[in-house]
Amino acid sequence: MTYVKDFKWEKGLNVKDLVNQYNNLGFQSIELARATETIIKMKKASAKVFFTFTSNMVTSGLRGFFAQLIKLGIPDIIVTTVGGLEEDIMKAYGEKFVIGDFRSDDVALYEKGVNRVGNLYITNESYCNFENIMLPILSKLYQKKKRWAVSEMLKEIGFMLNDEDSILYQAAKNNVDIYCPAITDGAFGFHLFMFQQDHDDFIVDVVKDFKNILLSTSQDDIKGLISLGGSISKHHAIFACLLNGGLDYAVYMTTAHEKSGSMSGATTNEAKSWGKVKDDSDAVTVIGDATITFTLAMISALEKLNEEGLLKNG
Amino acid sequence: MTYVKDFKWEKGLNVKDLVNQYNNLGFQSIELARATETIIKMKKASAKVFFTFTSNMVTSGLRGFFAQLIKLGIPDIIVTTVGGLEEDIMKAYGEKFVIGDFRSDDVALYEKGVNRVGNLYITNESYCNFENIMLPILSKLYQKKKRWAVSEMLKEIGFMLNDEDSILYQAAKNNVDIYCPAITDGAFGFHLFMFQQDHDDFIVDVVKDFKNILLSTSQDDIKGLISLGGSISKHHAIFACLLNGGLDYAVYMTTAHEKSGSMSGATTNEAKSWGKVKDDSDAVTVIGDATITFTLAMISALEKLNEEGLLKNG
Amino acid sequence: MTYVKDFKWEKGLNVKDLVNQYNNLGFQSIELARATETIIKMKKASAKVFFTFTSNMVTSGLRGFFAQLIKLGIPDIIVTTVGGLEEDIMKAYGEKFVIGDFRSDDVALYEKGVNRVGNLYITNESYCNFENIMLPILSKLYQKKKRWAVSEMLKEIGFMLNDEDSILYQAAKNNVDIYCPAITDGAFGFHLFMFQQDHDDFIVDVVKDFKNILLSTSQDDIKGLISLGGSISKHHAIFACLLNGGLDYAVYMTTAHEKSGSMSGATTNEAKSWGKVKDDSDAVTVIGDATITFTLAMISALEKLNEEGLLKNG
Amino acid sequence: MTYVKDFKWEKGLNVKDLVNQYNNLGFQSIELARATETIIKMKKASAKVFFTFTSNMVTSGLRGFFAQLIKLGIPDIIVTTVGGLEEDIMKAYGEKFVIGDFRSDDVALYEKGVNRVGNLYITNESYCNFENIMLPILSKLYQKKKRWAVSEMLKEIGFMLNDEDSILYQAAKNNVDIYCPAITDGAFGFHLFMFQQDHDDFIVDVVKDFKNILLSTSQDDIKGLISLGGSISKHHAIFACLLNGGLDYAVYMTTAHEKSGSMSGATTNEAKSWGKVKDDSDAVTVIGDATITFTLAMISALEKLNEEGLLKNG
């Protein structure tokens, strides 16, 4: 039986000790502490670790952290949406996003060519520059071959970037596949379309990529998932694991609630009915903004994994 | 100046008059009434109407209503995720889903072969039957041609179904394109993969479909959007409209809030900064479970559109 | 076993038939339909019905509906917070609230003497007029006696009003007690304080009122609760019922979720662990804005209760 | 212009440096960092600091932290609900709460005499013991005088406890008034009622306490607020400050959203329309579970205040 303990601050408190205290604190803090423990367990069990996130997580500035996690050997497979990958490329080419306000005057922003994502701003200029980046990239890809599975294409692009803080770059370098089942849903898709206008034999093969994610693990692998936000990135990883016998470890971090039956809000409990998460698995759902909950839980896990020498290049 | 009026029940109150009363009631009820007005305006303006929904909306039982809306001429273009389309096909073949409980024993459900989506259940058997349905469908498609844009494929499948309550059937019959940018993210994707194993030249061309959605409207068209839930279905429709000059009318219905910067929670205000929604547009965001908010707002709009003779086959 | 049925619109659909369809629709719609059934059951069982709501429900315009429900004999006991009672009095004296916008310029509103509650506005003038109303009321009360339990005071005030749409008026007239455990938390409290400055022997006895709510039902009574929103009004009714053996019927309607351990988000399930809700009770939690969910569920119940002649003055 | 920076982990990262990084991270993390800055500013400006929290915050285990904050001189005035004060007393007498599960079998818990609050458990035994504690306390109070303002009573009780980790104890010792506008809404209220049965002249004067909170600050004082959760504790502090000219600094931490017009979800922006928060104030709303967001923001503020010698007994 674990008792609630009176929480206390001590001078110079570090993140690991804060999360340790969360083990005796109620509501979402204990769930967050359990997420840390679950991440540690999946790494100790040498699980194949799926890591999924929505595009806004990249917008938020977690991009550098995700790149670092790849370098440190945390995820084996990534699933995400295309918006975040576009921004990863933009940032690799020097674009900057601005901290703004949730209650901005959106019409005024529009007139200044500024696009709002919550309390962040991205300029139209960044998207224009992206166009100039994408054209030569697609030409190079086309020269290599005509039919690309999405993850192969993304790996190739990763090798073209030169930014230690880039997700695509680190993923390519560290042989972590990035799956993006809705690759056309964004500016990237627009540029694919423009390119295909002149190169009708240029094929983006999403079916092939389903094979790739399916074969990325097997029934015999121990499988873990860290999922930030909902959307198809979450569903795609879970579904691929379901087909291979279900997850042994799962951490869901989301702001969505289960009561509307959405995938974003679906819990690890619901997942057990599907066999998506094994019934004797370690599984935890943490409700809250992942810029806060994930940084806390993951840093705490990194500290402990590092102590035990379980980080790559650590 | 619109004043709050004391709400009153009258015997036999119908949905239209209920929503009319919401025009003088605060918080989400007035937003819902505004959604009704916005839907009416987009139809009166002969806007090209995009309609997007997440898969769980189909699971919920709104499938029959969506099919009816297509028949009545409400949407011109549909964007959704693949899970709902799978279920539309299952139901066209007689599968039934069960009303259950949010707090089910999920391990017990698993042992019985029952999968939970919120407070609904789908059996494994339904998914097994789906496999038997999909194989001949894909064979027929392949015999026709080898390379398919997603929306073309979905139209073809729609014609193969024979169910007045099917979304795919009514969409095919009424020439409403269905876009599904992440077509592989579900059992449908698994069967595409299995089929491609034996037919390597079978291509699902998502890039081509981006062209199709882009050309489905033009800069000159008046454009409207009714979006239920978030995810890529919402984003994809908005993005396609943005590239054609932005939306003139927009109704977002979601349970997500804007404070985590997600697409699901992104408001029509935020959309204005992007030019996704024009600054002088009619745009409204309604927070709540769409099984309730959408049925209310849409039925109220249908009653009024019907009175004015603006419904097809009405 | 209840199956999901394809939802359909029929011309002239009334609220009762809409909610009947919700019995076969997933997520919050089925929970809403269950709320209707639970309300009907509690009335048929002649339960003592507690009805609780937060102040913003009165601000919203539901005030007239609440007054109507009292007239129709739905609630036996009301628990609420003081802000709504202040507004009930203001409106009885002709004050009007305005439908506004969630994204107003709040500093500009302030300069105009307009106070915002979500998308509604209340003017400073309304509060000034309230001061002129309260002084003579308190004088009259003081002339009658010096020590008042809160519910006795509120009944006396109800008799002084002359507005069919007033909650306080209808409650007084129909002998429904209104409990308000935090009577000082608002402008009402300020005027009580001002009055006590000159009349030190003027006592508002909250402890006495706890006795009153406790004795308003007994162990032997069948007890039901309809609770809108959270806060102390919800807790107070539940706690009073717990001390008398727990609720037989409970409907919670709230926008809050259970994951932060708050009373607002606490579910009827959690209540069972306390014995607040009996384990074999009919209990349902509906997530959503009560201006929508409550009007729907309650109107649907009223139609059915009316058909069976179970409404007072119906 | 503040730019988004790629977030990075460094070994041994402490809480202060984590929150510093949040200054360049989007969505709720930057709001949390702003909360830290706002707390620091209110202390540097020697503001009178109101601190409000809902009962579940005490249940969670933050009780010890709140007591520590009082000792360190952070709050000047506390407003809360009675449930948390009951638990503060229980814990001072050795009662323990248990970490449990959100998805417990609530009927089974009930049969074991265990009450659930989210993922925490409190036993019936703790409540029984509380009864034995309260009786002598009330007798002692009654011997002193017959008519008590709530805050005076709570201070007296604080002096009777002997637990460094008790909120009531530290508040009494450090001359921090605790206001509890709904003192009867819980087991405490039940014992007040039982006591009054035999001592009819025992008066709990809530009107007098409104005077006390109103006079606890003046128009001339600089005023700050840190509010966790919603409910009357939040409203009461804001209202008392409004009557004294409004807040100069405000930090709201809540899981509630503004779209249903509730006090729990009301933002610092909305507060500006009322003059509750001055238009040129530093004000920030952080959405998330306060067991996480508050510990992070407050610890980060404590570290910085300590460096500048601004903590009492620091």
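So that you can tell them apart, the chains are marked A, B, C and D in the order they are listed, and the count of residues begins at 1 in each.
What we mean here is this: a residue touches a chain if its C-beta (ideal position, glycine included) is under 8 Å from a C-beta of that chain, and two chains touch if they have at least 3 such contacts.
Note that the structure is a prediction, hence the values are computed from the model and not measured.
Student: Return the chain whose centre of C-alpha atoms lies at maximal distance from the corresponding centre of subunit A.
Tutor: Farthest by centroid: C.
Student: Copies subunit A, subunit B: same or different interface, half of numbers shared as the threshold?
Tutor: Copies use mostly the same positions to touch.
Student: Does B-C or A-C have more contacting C-beta pairs?
Tutor: Top pair by contacting C-beta pairs is B-C.
Student: Roughly how far is subunit A from subunit C, centre to centre by C-alpha average, rounded to an integer in Å?
Tutor: 44
Student: Per the centroid of Cα atoms for each chain, what is the distance between subunit A and subunit B, given in Å?
Tutor: So the centre of subunit A lies 26 Å away from the centre of subunit B.
Student: Counting only Cα atoms for the centres, state how far subunit B is from subunit C in Å.
Tutor: Between these chains, centre-to-centre, one finds 36 Å.
Student: Going by the touch rule set out above, which residues of subunit A reach two or more other chains?
Tutor: Residue numbers touching two or more other chains: 26-28, 56, 59-60, 103, 117-120, 257, 259-261, 269, 287, 289.
Student: Subunit B touches which residues of subunit A in the complex?
Tutor: Counting only subunit A, the residues touching subunit B are 54-56, 59-60, 81, 83, 102, 104, 106-107, 109-110, 114-120, 147, 181-186, 189-190, 192-193, 196-197, 202-211, 214, 229-232, 235-236, 239, 243, 255-266, 269-275, 279, 289-290.
Student: Residue numbers of subunit A touching subunit D in their complex, please.
Tutor: Interface residues on subunit A, with respect to subunit D: 1-9, 11-15, 18, 22-32, 56, 59-65, 67-68, 91, 96-99, 103, 117-120, 165, 269, 287-289, 291-293, 295-296, 298-299, 302-303, 306.
Student: In the complex, go through subunit D and note every residue touching subunit B.
Tutor: For this pair, the touching residues of subunit D are 26-28, 103, 257, 259-261, 287.
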